[in-house]
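One structure is given below, encoded as structure tokens.
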Amino acid sequence: MPAFLTSAPAPLPQPALATRRSSADRFAAVRTQSAALCRPLLPEDTVVQPMLDVSPPKWHLAHTTWFWETFLLREYLPGYQVFHPDYAFLFNSYYNSLGSRVNRADRGTLSRPPLADVYAYRQAVDAAMQQLLAQRAETLPPAFWEVFELGLQHEQQHQELLATDMKYILSTSPLAPAYLNDKPAADTCLPAPKATWLPVAGGVHRIGFEGEGFCFDNEQAPHDTYVADFELQNRLVTNAEYLEFMAAGGYQDFRYWLGEGWDLVQQQAWQAPLYWLERDGQWLRFTYHGLQPVNMAAPVTHVSFYEADAYAQWRGCRLPTEQEWEIAARQFNPNPAAGTFLESSLFDPQPLPPDAAPDQCHQLLGDAWEWTYSAYHPYPGYQKAAGALGEYNGKFMVNQLVLRGGSCATPESHIRLTYRNFFHADKRWQFTGIRLAR
Amino acid sequence: MPAFLTSAPAPLPQPALATRRSSADRFAAVRTQSAALCRPLLPEDTVVQPMLDVSPPKWHLAHTTWFWETFLLREYLPGYQVFHPDYAFLFNSYYNSLGSRVNRADRGTLSRPPLADVYAYRQAVDAAMQQLLAQRAETLPPAFWEVFELGLQHEQQHQELLATDMKYILSTSPLAPAYLNDKPAADTCLPAPKATWLPVAGGVHRIGFEGEGFCFDNEQAPHDTYVADFELQNRLVTNAEYLEFMAAGGYQDFRYWLGEGWDLVQQQAWQAPLYWLERDGQWLRFTYHGLQPVNMAAPVTHVSFYEADAYAQWRGCRLPTEQEWEIAARQFNPNPAAGTFLESSLFDPQPLPPDAAPDQCHQLLGDAWEWTYSAYHPYPGYQKAAGALGEYNGKFMVNQLVLRGGSCATPESHIRLTYRNFFHADKRWQFTGIRLAR
Amino acid sequence: MPAFLTSAPAPLPQPALATRRSSADRFAAVRTQSAALCRPLLPEDTVVQPMLDVSPPKWHLAHTTWFWETFLLREYLPGYQVFHPDYAFLFNSYYNSLGSRVNRADRGTLSRPPLADVYAYRQAVDAAMQQLLAQRAETLPPAFWEVFELGLQHEQQHQELLATDMKYILSTSPLAPAYLNDKPAADTCLPAPKATWLPVAGGVHRIGFEGEGFCFDNEQAPHDTYVADFELQNRLVTNAEYLEFMAAGGYQDFRYWLGEGWDLVQQQAWQAPLYWLERDGQWLRFTYHGLQPVNMAAPVTHVSFYEADAYAQWRGCRLPTEQEWEIAARQFNPNPAAGTFLESSLFDPQPLPPDAAPDQCHQLLGDAWEWTYSAYHPYPGYQKAAGALGEYNGKFMVNQLVLRGGSCATPESHIRLTYRNFFHADKRWQFTGIRLAR
Amino acid sequence: MPAFLTSAPAPLPQPALATRRSSADRFAAVRTQSAALCRPLLPEDTVVQPMLDVSPPKWHLAHTTWFWETFLLREYLPGYQVFHPDYAFLFNSYYNSLGSRVNRADRGTLSRPPLADVYAYRQAVDAAMQQLLAQRAETLPPAFWEVFELGLQHEQQHQELLATDMKYILSTSPLAPAYLNDKPAADTCLPAPKATWLPVAGGVHRIGFEGEGFCFDNEQAPHDTYVADFELQNRLVTNAEYLEFMAAGGYQDFRYWLGEGWDLVQQQAWQAPLYWLERDGQWLRFTYHGLQPVNMAAPVTHVSFYEADAYAQWRGCRLPTEQEWEIAARQFNPNPAAGTFLESSLFDPQPLPPDAAPDQCHQLLGDAWEWTYSAYHPYPGYQKAAGALGEYNGKFMVNQLVLRGGSCATPESHIRLTYRNFFHADKRWQFTGIRLAR
């Protein structure tokens, strides 16, 4: 889930004193959140890489730190000495501009540096950043503040990955360990309200990020797009609905599937979403609370694009495009406070209350990323940044699909209606869900 | 390059007698063309499969025959007995509806049936088809004629594949055997005229197939789309221009490449388009005439999407979307006769004459398929057909990119401005080229 | 099945005129036999490589010819010009001394040169060899005659490979084509006589090749070895006996299997020897006559070492070592005429007559190669030859097991009691069988 | 390095009280040693599996504990409850008899149970074992004592694996962390004494384990074997000598290599033994003290069989067979106290003093395992045990080579002159070295 900074056409004005103070506070808050997420983990949990997509939490903690060190401290803090000369090799993710690095597939073979050293690394970099913000804020140029903002957003992206990677790591153990010790929130099984279809008027609409504040470069430039009239369902597909697809033999009938998806179903013997397990006739899911009965009213998650599309085909519907999604979302203008985000510590999308308004569009922000049937390609007029940060987003713009709306593992302050997330069609370890269009 | 039949909104009228006669003639002509393409091949050439994408010519000859037998003779010719009970298993390509089949990767391990048996199969099916067309044409229903037309188009698609697969097969031999014994056509090396930029006005435009005649289902339904103003180059990128990219270190600089493309460049040690070979400081290409010096004025071909995009990046331009391409092509309304197609037996795109009009758009049809920066996804309102033929196109609509305009290996009667071809971003064995946009 | 020339301690004497004549005759006979084996094949059959171990027959025909050209014509025929400059690259098998070559895995992707060219190559080399033998035999040095003899033996080895590779190639077709059109020889199903145990006295015995005539270097040097008293079964294990193992669940019980063998049984889902197929409750085998009922009295073949060992374990017996085998074979001194060899054109081991003498040891030569529980390692005092031919045998002396006695695909004049064949433990496409020891 | 219990011909007598006490002491000593080895490790170090051959130390600590629980506590301690119901699945290594288990390749993906739980598991099993030994020793049957002894030997084998696996794990870090903080022992670089050749008289000799005490089943049965006269070098090959091979282009010349070894040299780009690294013209090795200059007088280690054999070929010598090794070793009767073993905590073989007696055979026990040119096959008369423990050794008896003499990572009380260790020819992460024969 890489991303990028807006290359704003006009240079940003120098932030005022209040802003600088709030910068230090925001920095501290974001950094604290990453570490807080890892607090329930044992050192052993932070080292392993049970599949290529997953990075060890220790690596996330160090890589986000390396980002601040590389892009800001080395540039702007006079006399700054890197914490360790080998860390650039160990914790660079994919920046060719910044030299060679540990093979991604080998991140889980590295026991050293130990977790304690990584926390020391965080502390040292945090202190240096605070020193920089305290002493030199008035002289830091706009370019600094651009990358500073990007660093915050980058760290938030890795918080979502931390949440989903930790889940995958714990799930591989036959011991099915719980990350959270309290009771799951939504275990009353009131049925979700029946989904309704909300019409959206077609025509030429403007999409893409405009206005103040941060966005990634991939949300640029704002542009017109044409869509025909369409309808969108007013909530996410639930586990109960998805189970109907399973019960109807959806995983056994090639007619609903894209060819490469059907090949995967065969090879991987997929029978259900990731983390589902049938035991004694009951469907369980691995969650942050360990193995739990599937909450039928909650949105289905951990489905690939192939599964989302097959489900839609089976229903005689389709997935929306990202243009449709954004046009609808701008029209329905969801209240972010209604969504489930990382800050809730629920780590699962929540069922819609039975009395949710049928004429409103729910769960657009938070809960689950919504697969769209749109390729992750550059917007018209897209420009990638110069230098190493030009590798942040642009080089991924092929062979992936756009997801919209954020999830229960996304920080609330991180999401926007214009936000474009992207994954390959086969990925299932993120909180990915389904909203139908027609 | 799979494709599909138009599900015409109104049922096609019964073809008149003249049409029926011309059906028999068209059938004979298309069938003859397939066999004619293979005439210069030895039996040995028709068996091998040097890479997964390539099918043995013997298989193409049999598979296209199986198509007529399966979808028409078995349905419409009373008392028809299949030529051989095992051929359905051997020559079904990818239709799950029609049962199990030889693994695609194993097509090149099958020595039997021998080529002679495949020709006998063709003859038997041709005779039965002619009998059917002669005796029962008046009673054949519209559904027959739909699939009949599809069968012709399908066979033409396989003619292009035959041309490109044969080339690949011969190229793997260190003997560099020639398929054609005459001299290459365009060996005068007059430089191509300088490319010009042609402006196209944006706005809402209609694309997709409309009107009479055949189209594949993926060209349906016609619909409006919005594009901003843009410019398109008036000809394809030449070998000379591409060589500048190579000389400038294009294959050594990650900055121009999409991430997955750059990985491939490293792994496969790509240094030039497919079939290029440097010998004593001169660049040669494997062609239908064996190894030949690169004709600098001719359009570059056998480049992947990654190379096309990297070239465009390096030039500070971009590839067009398929919407842009079609809107421009409709506006410039190219003369098909000016293009190079399969029927020319040239098997290579031809250089533009030095005096070609700078204000016209050349090489839109024929010569080389043009990579677009558009994913091969369903058009709004796309409906796949019922039954086995529903597998023709729809199930490939993810992870591939659209190419437009046909190539020197496409039959002239097969191409249209609305035609959507599609390949994965790494494919290079088709006659794929580059047209720049900005 | 590579092999090598005896480095005779004393130089061989100059062959007399009669010998020279017989050399020309032997050369012609061996060369003719290779081509004769391929006569029933179509060009298409000679090109494919359905698995790595199998080489296309066209390749065998050319490689054996390259051997004569490389090691004799280029050395000894003044003014000899190689037939084609690229053939050394195409048809060198594994001699690093002789430069780079086509990757072994790619032998089946080469359609060119066509079979006809390979036959022309054979003819040209045959003619040049006959010219050399006719004109210069009196002056050819002992080193020539050594390699000449090796060339004959080498070609015979490839005849066995031709026989087994052709079988595998034809077997991959669902058409199950027959190589031979006559009826299988042994279709009366008289039961084989009950196997008896023949005692062999232990002690220090001499093994390895001694005396006149040709042997490969790996049979050298003759040396003493000690074995304890043991018993050997007087015939090969039959299909009927092997079927008892299968019926007793042998392929489902890990206890009988070596670990790496058991892994293979799981991964490859082995349930029977190679080429066996159960249809309507009856076991069939793919043979040179197409699919045929298993002849229960005939020796089992196409079993891996793992299967041979598991069978022996299940019987409470074991496989002999190669020392035991040779000591017993020297003692029982089998009559070669009683065995089934390539020259019989039966291409399957034959059942022992019901009245075969119970106190004699049968089927030691011909019929089926007998897996021994001996690693293919150098004998004490083994010396590999200098130059390229030093790569013939020595470099394979690890990770393979010795097989003894030749098979129905071995030329009769090629086998000896001291002959050491060798394959990896998982190989099944040779005519490999089982003899029990205890 | 799996192993097995002697099936002693006569049942062992009931151990006397003193023996029982010493059993408790031996048990405690061996168990303590395993944990002591892991003391310098961080939890992070105990989790990862950087290659298939390596198991995470946490796994070793748990697996050896599972062995006691499974084979003794569950059988002999009335009322014993397993520590955790999932541990049998998690910590069974390869016993099919005992059910399914974690895939070997996935051992490094398991973060749970954490190291602390594994130590608790050890403590609980140790306490139960001591209780059993204290309370019921008088009534425990001979079968108990057999498996008890096997358990001790098994745990010692895993101590050696712990030592070599820890080294490999630490070596993968670019930080090159040291396991030991003191100075390396032998950093004076006195040259090793020149190697001498010691003659051994051939003839029929008896090898294999005889007499009192423990041996693995693979050392059984004692038997006669014949060898010719031969000579053995009186010490291991040194790093200095091996460097001569490297300097002479040994890794670039295929003539010295077995074919499969040469393929590996190419594929893996081997240029030196494992853990060697050239920096600024100096050769360093990764050791328990981190990166250190190569001690030229010390025995070379971490070479594969292919490298050992290629070195011997280059010297015009050969590797001994295991029969030769044992016959020589029995004759030279080495003093175990002279060798370097695990207990020394040196973790590297030590150089021979310059004044070491030239007519004595040194370094036969300890220091480095010596590759022999003998396949790991069953001895004549070998019988594997009944039940799960029958899987201990027998099923590995193919495709591996025998190593003799123990290493600096072998517990001194664990090694014998008859001990047969075994590895595949390509393995390099054990302390494997070279002794020449001729």
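Some points to look at:
In this document, chain identifiers A, B, C and D correspond to the written order of the chains, with residue numbering beginning at 1 in each.
Here is the rule we use: contacts are C-beta pairs under 8 Å (C-beta built on N, C-alpha and C of every residue); 3 or more make two chains touch, one makes a residue touch a chain.
Not measured: the values here are computed from a predicted model.
In summary, no chain was found to touch both chain A and chain B.
Where chain B touches chain C, over half of the residue numbers in use are shared by the two copies, so each contributes mostly the same positions.
Rounded to a whole number, the gap between the C-alpha centres of chain C and chain D is 38 angstrom.
Centre-to-centre spacing of chain A and chain C amounts to 61 Å, using the average Cα coordinate of each chain.
Chain B and chain C have centres, each the mean of its CA atoms, that are 47 Å apart.
The set of chain A residues touching two or more other chains is empty. In terms of inter-chain touching, the protein chains here make up one closed cycle, each touching precisely two others. Touching chain pairs in this entry, ordered by label, are A-B, A-D, B-C, C-D. Contact residues on chain C toward chain B in their complex (touch as defined above): 42-50, 58, 86, 89-90, 102, 106, 108-115, 169-170, 172-175, 177. By the touch criterion given at the top, residues 94, 96-97, 204, 223-228, 254-255, 257-262, 305-306, 309, 318, 373-375, 377-378, 380-381, 390-391, 395-399, 401, 425 of chain A touch chain B in their complex.
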